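Read from first to last, the chains carry the letters A, B, C and D; within each, the first residue is number 1.
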Amino acid sequence: MQYLFKGRIALVWLGLTIVTLISWQISYVGRAGLSPDLTVSMAVIVIAVIKARFVLREFMEVGHASRWLRVLSDVWVVGLPAAILGALWI
Amino acid sequence: MPKSLNHTLLLSVPIIGMIWIAAFLVFPTYTPMSPTMTAADVAAFYGNPANATRVQFSMIVFNWFEIGMVGLYATIAMQMQRMSHGGGPLAWVYMAVTLGGACMFAAANLFWIVAAYRPDRAPEAIQLLSDMGWVCFTVPTGFLIGQAVTLAFAVFLDDRGDPVFGRWVGYLNVVAAIAWIPAAFGALYTTGPLAWDGWITFHLRIWTFAIYNIAMFIAAWNARHRLDKPSVAE
Amino acid sequence: MASPDIAASLGLTAQEIDKAERHEANLVDGIWIFIVGDLFIFASYFVTYALWRNWEHGIFLAAQQHLSLGFGLFNTMALLVSSWTLAAALKAMRAGDFDAAGWLTLATMGFGLVFVVSKITEWSVEVSHGFVFTSNMFSQFYFWTTGVHILHVFFGLLALFRLYLEVKDPACRNLATAESAAAFWHMVDLLWLVIFALMYLMR
Amino acid sequence: MTGAVPPIPSGWFAKMAWHLRHNPKADLWVAWFSIPIAYNIMGIVYFTITHMMPPPDATKNHAQIVEFFTKFGFEIRLGFGIMLVSLAFLVWANDLIGWLIMKMDIPHVKAWGYAYMIAMCGGGFTGAYMSAFTMSVASMRPDRDPAMLEVLYDLTYISFDGTMGFFLFGSLIWTYTILADKSRLFPKWFGYTCIWNFTTEFLVSPAVIVHSGPFSWNGTIAFWIDTVVYILWQIVYVFMLYYAVKRVDPPQDRFRLKRIARLTGQLTPHPA
């Protein structure tokens, strides 16, 4: 299947997979005690939205879309972690 | 088939109407039970075997024939499709609100039957069922209003040289709709003319309904031959 | 649609006719209004979740033990692979290779089904351990959010099936619908990435 | 009907009268205007008169339920009276949409239109009017046994939130027809956003199970977010119907072509 390796999609997929495993590792370290840890929460949320941005830009091809779409998707990518972390801090 | 049977659906309407009147007369009280009755009074009313039997018989007959007037309303909806603007959404609205009114009466009917079913129930529960029955019977005049307003619009918008219904049908529907409006507020007061046994909510509504049905039957009967022609709307 | 002379007879100005017809031009962008709206609606759910998590942190942490990280990771991988094959399918379609596009779409649907089966297995394992919707606030959020997400997976599978039928039929091939369906499926993947972080990984 | 059609007058009421008399889509416009009117009446009744919305707490105890019905008793009955007088407008809205579906270009289009009308009108009976009766009966006699009041209270909100299937299928039918319609009576992006409308019906289902938290009938998710999305969507919907009514052909009418020709001055009045 040559199309699986055409362009950057294979690379992006590999990157997403590795990052997923990293975030799993981050969370797994404290698994035994399940102690509250805001740093871990922050890290996994930020990693998740970075992954989301890669899906938006590379798979959904938002980079080629109209301007309002690019702006709104970036507002989401920046605003969501900010709002979640704000809610966790309150 | 004999020619006189061409209009069986329409001819069923006066028969159903007479059955309704008979069932109405079987009900133990002519005017509704007073909303000011206490729970004990209401329980005693349904506990009295003579009353309970009459409620049950009346409600069984109403239950059999509650949707019977559909022949008249379906015929009118067919006629609306022969009007220049009636065949669009308006005819379907007419059918839907007709069904809605019948469903609401059916609900009231079942509440009364349940109230009379176990007279040894707690008086509070019997009163609740009876209240639900009377409110479902009195308050949803919106369906009748919807029927009248929809038909009035269709009649007034019918701008062809040879209208299906005369203008008087439109005016009658407007007047009927206005007469039914106060009944929607029948739950507001327990005494006075707006209570569910008051003259505005009960007598005005019931008599308007009777006159309305008779007049609409006459209008539909006069226009019956139009049903043989193809409809305007496809 | 109204023919021009009828439109003219209805008293429409040229501007109004233009306004009415303009919807036509927006077919490709059609799905995007939905996707952006959906992203923001989900964002509001996520923020609500974070607030409740803050208020009942202990309960949430304790309840999180009922989730199995292995299942979560496997589900994430299934959706990531499906996104990859779907992106490849779109590339094949643009290259005019509809045979490969068909197979890649089928593969995407296959991975989507793997996700569905795995998710339902995970739910039944959790329910058999006594972790049900009404157990506590975390379980309510967990079952509800994953439930809404799997509903989107079902919609996505339907869209992909439609896409597959279109790819198979030379008369219906249409890159615009293909891009719409693909965008929707990637959004389902994207939402799962965030849900995975929020439900499974947060501490 | 004789004489040529007069030109459109300028006054607001005169213009309205002209359209009622001469516009070939007069019935469609009447039905369209009923939608903003009906939804505004419903909004005012629910939110300001009856205080039924935003929903009160599901965890109220007997004394609080009695207080609720005592405090708002008259307003509740007045508000639902107003709503019941105007309820036919909602039926007009449903049947306008059902009729517009019948004008689309998809196979078996009439069946889709009938299905929509039946589903939406059916849902109104338990979804909107049941709560009117239970609320009225409860507020009529707040001195009733509090346990009975509690039954009516639960019945009100659960019948209102819990009537899911009718609206689910109605909106599902509408969504499918918009997306499958080849004549593009409604824009496609609007069809996609209709998915929110029927998904809502899935989302509120926990409201019939839990008593508190974001998924209860007054919760952040099951009520507030749903309602905000629904109201925004509703505003778009009214405009979409406006354009659809503008674009759709008038009802099939033997006199239609003549009427239109007369409107444009292409035909002199025909002898009656």
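By our rule, a contact is a pair of C-beta atoms (placed from the backbone, for glycine too) under 8 Å apart; a residue touches a chain by one contact, two chains touch by 3 or more.
Being a predicted model, the structure only gives us computed values, none of them experimental.
When the C-beta contacts at C-D and at A-C are tallied, the pair with the greater total is A-C. If you average the CA atoms of chain B and of chain C, the two centres end up 49 Å from each other. In whole angstrom, the spacing between the mean C-alpha positions of chain C and chain D is 28. Centre-to-centre spacing of chain A and chain C amounts to 16 Å, using the average Cα coordinate of each chain.
As a whole-number value, the distance joining the C-alpha centres of chain A and chain B reads 62 Å.
Contact with two or more other chains is made by residues 29, 32 of chain C. Shared interface positions of chain A, defined as residues touching 2 or more other chains, are absent. The residues of chain D never reach two or more other chains; the list is empty. Taken chain by chain, the contacts run in an open path, each chain touching the next and the two ends left apart. A list of each chain pair in contact follows: A-C, B-D, C-D.
Within the complex formed with chain C, the residues of chain D that make contact are 8, 23-25, 183-189, 191-193, 195-196, 199, 202-203, 206, 209-210, 213-215, 220-221, 225, 229, 243, 246-249, 260-261, 263-264.
Partner chain D is touched in their complex by these residues of chain B: 35, 39, 84-90, 92-93, 96-97, 99-100, 103-104, 107, 122, 124-125, 127-128, 131-132, 135-136, 139-143, 145-147, 149-150, 153-154, 156-157, 159-161, 181, 184-188, 190, 232-234. Within the complex formed with chain A, the chain C residues making contact are 29, 32, 35-36, 39-40, 43, 46-47, 50-51, 53-54, 57, 61-62, 64-65, 69, 73, 76-77, 80-81, 83-89, 91-92, 95, 97, 100, 103-104, 179, 182-183, 186-187, 189-190, 193-194, 196-198, 200-203.
Interface residues of chain A, counted against chain C in their complex, comprise 1, 3-4, 6-7, 9-10, 12-13, 16-17, 20-21, 23-24, 26-28, 30-31, 34-38, 40-41, 44-45, 47-49, 51-52, 55-56, 58-61, 65-66, 69, 72-73, 76, 79-80, 83-85, 87-90.
The touching residues of chain C, counted against chain D in their complex, run 1-2, 5-6, 8-12, 16, 19-20, 23-24, 26-27, 29-34, 37-38, 41, 44-45, 48, 52, 133-134, 137, 140-141, 144, 147-148, 151, 155.
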